Amino acid sequence: MTMPHSESTDSESSGHEHGHHGYISEKDAYLKRLRRIEGQARGIQNMVADEKYCIDILTQISAMTSALESVALGLLNDHLSHCVVEAVAEGGEVAEEKLKEAKDAIARLVRS
Amino acid sequence: MTMPHSESTDSESSGHEHGHHGYISEKDAYLKRLRRIEGQARGIQNMVADEKYCIDILTQISAMTSALESVALGLLNDHLSHCVVEAVAEGGEVAEEKLKEAKDAIARLVRS
Amino acid sequence: MTMPHSESTDSESSGHEHGHHGYISEKDAYLKRLRRIEGQARGIQNMVADEKYCIDILTQISAMTSALESVALGLLNDHLSHCVVEAVAEGGEVAEEKLKEAKDAIARLVRS
Amino acid sequence: MTMPHSESTDSESSGHEHGHHGYISEKDAYLKRLRRIEGQARGIQNMVADEKYCIDILTQISAMTSALESVALGLLNDHLSHCVVEAVAEGGEVAEEKLKEAKDAIARLVRS
């Protein structure tokens, strides 16, 4: 609802230089999609509160799950293209660790 | 958006009597879980806005997906126990139709 | 490898009368799909043995998983239409138990 | 590394040098798991042929799906650790292409 990121252009752009994870390619697009997902969560609450037909609620939940999954795949892709590629270029233990993290995240996505 | 369910205790309890789908066994529990899911959606937005570490965001999304899936399974179970069982008891075309709907919803859940 | 079901047409057709679960609407069609899935498992072994390109192996595994999922949904539908509907018509504890079993099977499918 | 399953030890070991994808870390272990999966496919056929209880068949299918998923995640991990890491080290268009392929394979796994 509020948009903490919108007022923070300064700290954000500098953040890219020191310590923030500026790999997210299209932050605004993600935020927009996540706000829509939040709206879906609210819509589903209203459907339950109004005791709408169960099958219709399930349809909305399936749509919301797909939207979430799609955001997750997008973020994972960005992560692979930036963080992991950089770490691999540097090599060594950090590369190992980043790969391990990415693999674990993929396994969680596949299994959830 | 607003939360119509909190002020509407009256219409809700009467709703069970005339026409609403009063099969949802524990409406308040579902609403609580869905509000938590909405909170997760908001938390994930903040993480993206603050450019938190991608893997941590993915972990939150996996948790949110599991929570949603669990709500869906609960609603589906209530639906099978109430709507479908009633329709089957009545038999005929309505029973066929309700079963078809339930099967389609299950397929969407399995595939999403 | 051999096809134990093909010689057993007799016992099978009588099986419908005493105690077998004759709810499977199109047994031959399922067997055909499952033999194809078995063939996919063998094909994937050959790909690994020959060290085929990993992405191509993954594509085959995704196809095989979808085929399996589709068989599972078909069997579940048959089960709901026959076993569960019959049990519900009889009512009582057996109906409860059959519904519980079906719900657990659905949850396993959704989560696997 | 060794190939107990076939007669082609020569072509394989040389294969590592020219063109085969020798990234599969534990080929024998994968083959063993895939043979078990093939056995599961056969077992499920027998259950359908014998018209075993549907819920029991579904349980076996869920187990088989999990086993397949686990093989897929293992192969994907090997692929990321070897092919993708090598391609990234070389950089350029090949790296882009390998990453794209890996991302597509991940999306298929998450969605299947």
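For the reader, a short list of remarks on this structure follows.
Labels for the chains are A, B, C and D, by order of writing; each one numbers its residues from 1.
Quick note on the criterion: a residue touches a chain if its C-beta (ideal position, glycine included) is under 8 Å from a C-beta of that chain, and two chains touch if they have at least 3 such contacts.
What you see is a predicted model, and the numbers here were worked out from it, not measured in a lab.
In this structure chain C contacts its sequence twin chain D using mostly the same residue numbers, the overlap exceeding half.
Interface comparison, B-C versus A-B: the pair with the greater number of contacting C-beta pairs is A-B. Our note on geometry: chain B versus chain D, Cα centroid distance of 35 Å, whole angstroms. Look at where the CA atoms of chain C average out and do the same for chain D: the two points lie 22 Å apart. Distance from the chain B centre to the chain C centre is 28 Å, each centre being the mean of its Cα atoms. Centres computed as Cα averages put chain A at a distance of 22 Å from chain B.
The set of chain D residues touching two or more other chains comprises 69, 72, 76, 102, 109, 111.
On the chain D side of its complex with chain C, the touching residues are 3, 5-6, 12, 15, 20-24, 27, 30-31, 34-35, 37-38, 41-42, 44-46, 48-55, 57-59, 61-62, 64-66, 68-69, 71-72, 75-76, 78-79, 83, 101-102, 104-105, 108-109, 112.
In the complex of the two chains, the chain B residues touching chain C come out as 69, 72-73, 76-77, 80-81, 84-85, 88-89, 91, 95, 99, 102-103, 106-107, 109-111.
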